[in-house]
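The following pair of complexes shares a single chain, chain A, combined with chain B in the former and chain C in the latter.
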Partner chain A sequence: MTAPTDPALREALASYLLALADDELIIGHRLSEWTGLGPIIEEDIACSSMAQDELGHSLTYHRLRKSLGVEEDPDTLNFTRPPEQFLNALLCELPRGDYGFTLVRQTLYDLAEFTRLEAHAESSSWEELAEASRKLMQEEKYHLAHGEAMTRRLATATDESRRRIRDAFHELFPYALGLFEPLPQEELLVQAGIKPGEKELMDRFLDRLDGFLEGTDLEVPAIRSLEGGWEPKVRPVFGGRKGEHTEHLAKLLGAMQMLVREHPGAQW
Partner chain B sequence: MSEEKGKEGERSERERRVWELLAQVTDPEIPTVNIVELGLIEYVQVEGNQVEVGFVPTFAGCPALGVIKIQIAKVLMEAGFAPRVKVLDIVWSTDRIAESARQKMKEIGLSPPRRHGGSFDPHLTEKVACPYCGSTETVMESPFGPTLCRAIYYCRACQQPFEKFKEL
Partner chain C sequence: MVRRWHFNPYHQRIDESLEKDPGEVRADTEWPAWHVFRQPKRGEAHVLVGMVHAPDAETALLLAKEQYARREDCVNLWVVRTDQVHATSYEDADMFEFVSDRTYRLTRGFPVGEKLKKIKAGDPYAERLETLEEIEKEHAGKKIPQEASGDGSD
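And then the complex of A and B:
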């Protein structure tokens, strides 16, 4: 299918793409906060590289929006929107915490992102989205290789490293589920075959996470139901897709948007 | 008929010239390798002095792409062409990199990507050949390096750190 023509569907799709673009932008910004401060130089570089990748992915979603006919310029959107107009999941905006917290957040995020990209690549009725997802998946493989190696290493090393990874995992898990908060017009996208429902994506994510945690002392805080899905034991933290954010996003945007707000229209 | 052929000949001559010019544009991050041998150019279309260049981007977040696009336009304009660089939605793969570029990578101590035919699964335990001594007694130190396209390795045989162009 070429870009959908139905106005309601286009609008739903544009919001969906903006939510994904915002996830990438905000988590990318958080990763970039490690530039120059990483615990060891390899991890400094890894966080900076992944930040660069996520910003590239954000731009990819903006390009898809443009191909739908959305006129908004990504720079203007990113540097002038107030927090309540951002649609990112709350997972992405939490302060970077210690390195273990960043690592666990990134790994949960990448596992979720890969799951979503794979679903788009395999079955989206909008070929442009499927093709773009295939491209991003190739890059995400390196994030997963990194996340798997580092999380596993720390989750099975000393008492302190295990404790930090475990605490971060339990704190972040409900927020990770928040990546699967459905947008208000979700049904339209599912009916048009553009993406699977968020509940289905969440189930696939938990399958993947379950496999990922094998060999560590961590377990998915959810019960596998007889039909093959999962019933989380904790309540997902939703709100981001409706523009309801923590105070942390406003602070992040304060730093990110400062230059453009102080010097509107500046060129460099 | 012969006039037609003459026009065709002129066009293919100009096309050849455009490809030559494009081969002068190098990757700012690997300056010995040019963009044609990296597989970044899908096609050129020449109509009079108008040139359309079909450009295939690599990593979504690669900051070199903007610079490369400017350089393409510059080199063609200086030769009297009116260029248009069209960014294509094609998925670039390291399999598009020509043998000549792979050789040049080795010469500067950068291990070239393995040909993977579309499927690869990076692991930190994957063995790759050291570009200095050829040994496969190597370990990946990090899947991320000084640029998005490179990973950092260490060779246990010659005790040298080296970089590898990642498969994509």
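And then the complex of A and C:
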């Protein structure tokens, strides 16, 4: 189908796209914080380059919003919004931590993103979203390969690297589930066939994660139910999709928005 | 350590990286070097583009992708462990020098022949014949121009 015409559905879709755009923007910013500080020069460059990819993904979602008729300019949105208007999941805004923490976060995020893109690409009733998702998956393929290879190596290497990966994994897992916090108008999008429900996406994500963890000493902190879904043993950390954030987002935005706040309307 | 404040947030990290600098590099923690070859299109040759450090081939390919294929066209990458490359010695570089007239090894006649055929067939670029003949005359008996010597037909 072409872009939906029903106003309520359009609004729900615009919020959904903004949430995904914000996820990409904020995690991209965190990833860019390794520029100049990467553990090895090759990883430094890889992180910087993937950070740019994530910003590109964010822009893709803003373009989709535009095709829905949303007038807001992405630059104005990103550089002037207060934290409570950002819809990103809290996973994306946590401080960068050590390199193990970054890798685990990135791998969890990429596994989740890939799952979502695949679902859009295969079955979204809005062809434009399906098409854009197919394109993003091409880039995401590398992100996933990079994150998985690095994380798996560290998760199976020395005592110290295993401990760091394990600690990061247990700290981050509840936040990763937060990527599947449903937006208030979720039902409209599911009924229109634009996307599967967040619970279904989370189950597919956990299947994928389960496969990834094979061969490491980590396992998914969730119980597989008889119907094939998962019941997490920990509480997912929700709130981001409602604009409820940690203090870390305000600090991040302080750095990101500083120039624009001090020199409104300045030209590059 | 006194923290300096920089207007650009990226420059804040100079202090941070100095703080974290271990001061010495231990050779036993260095990963081996790999040479990276990039193929811009299918069927074209893989071209040496640079090096990466990586613990194994899979990681080397992953890192090479971001270092050497993020702006340029690429359909395929090779990595070769640098210590697996066999090379001649610079001390023997004199064996590559030309000490006698080698013009008899050149195959410059072939491309000219092709062009002559075109000219006979009424090619509009016929005026190039003059130029080519001039070049032939000019180079007769002189040192071989670089671009004409790479045919490997010795």
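Heads up, the rule we're going with is that the second predicted complex is superposed on the first by the 268 of 268 C-alpha atoms of A that agree within 3 Å, B and C clash if a C-alpha of one lies under 4 Å from a C-alpha of the other, contacts with A are read in each partner's own complex, and residues count from 1 in each chain.
The working rule: a residue touches a chain if its C-beta (ideal position, glycine included) is under 8 Å from a C-beta of that chain, and two chains touch if they have at least 3 such contacts.
Since the model is a prediction, treat every value here as computed from it, not as a measurement.
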Fit or clash between chain C and chain B when superposed on chain A: clash
Partner chain in contact with A:His146 - chain B first, chain C second, else both or neither: both
Contacts of A:Gln138 with chain B and chain C, given as first, second, both or neither: first
Which superposed partner A:Gly56 touches (first chain B, second chain C, both, neither): first
Partner chain(s) touched by A:Glu93 [first = chain B, second = chain C, both, neither]: neither
First (chain B), second (chain C), both or neither touched by A:Thr35: second
First, second, both or neither for A:Glu128, with chain B first and chain C second: first
Which of chain B and chain C A:Glu113 touches, first, second, both or neither: neither
First (chain B), second (chain C), both or neither touched by A:Met258: second
Touched partner set for A:Asp203, first chain B, second chain C, both or neither: neither
Chain C versus chain B, contacts on chain A by residue: B
When the two complexes are fitted on chain A, the stretch of chain B hitting chain C, from 7-15, 61-69, 115-123 or 151-159: 151-159
Overlap of chain C and chain B interfaces on chain A (superposed complexes): 42-43, 45-46, 49-50, 142, 145-146, 149
Partner chain A, residues of chain C touching it in the complex: 9-10, 13-14, 16-17, 20, 31, 52-55, 58-59, 62-63, 65-67, 70
In the complex with chain A, residue positions of chain B that touch it: 59-63, 89, 91-93, 120-124, 141-146, 148, 151-152, 166, 168
In the complex with chain C, residue positions of chain A that touch it: 35-37, 40-43, 45-46, 49-50, 142, 145-146, 149-150, 153, 255, 258
Interface residues, chain A side, partner chain B - complex: 42-43, 45-46, 48-50, 52-57, 59-60, 128, 131-132, 134-136, 138-139, 141-142, 145-146, 149
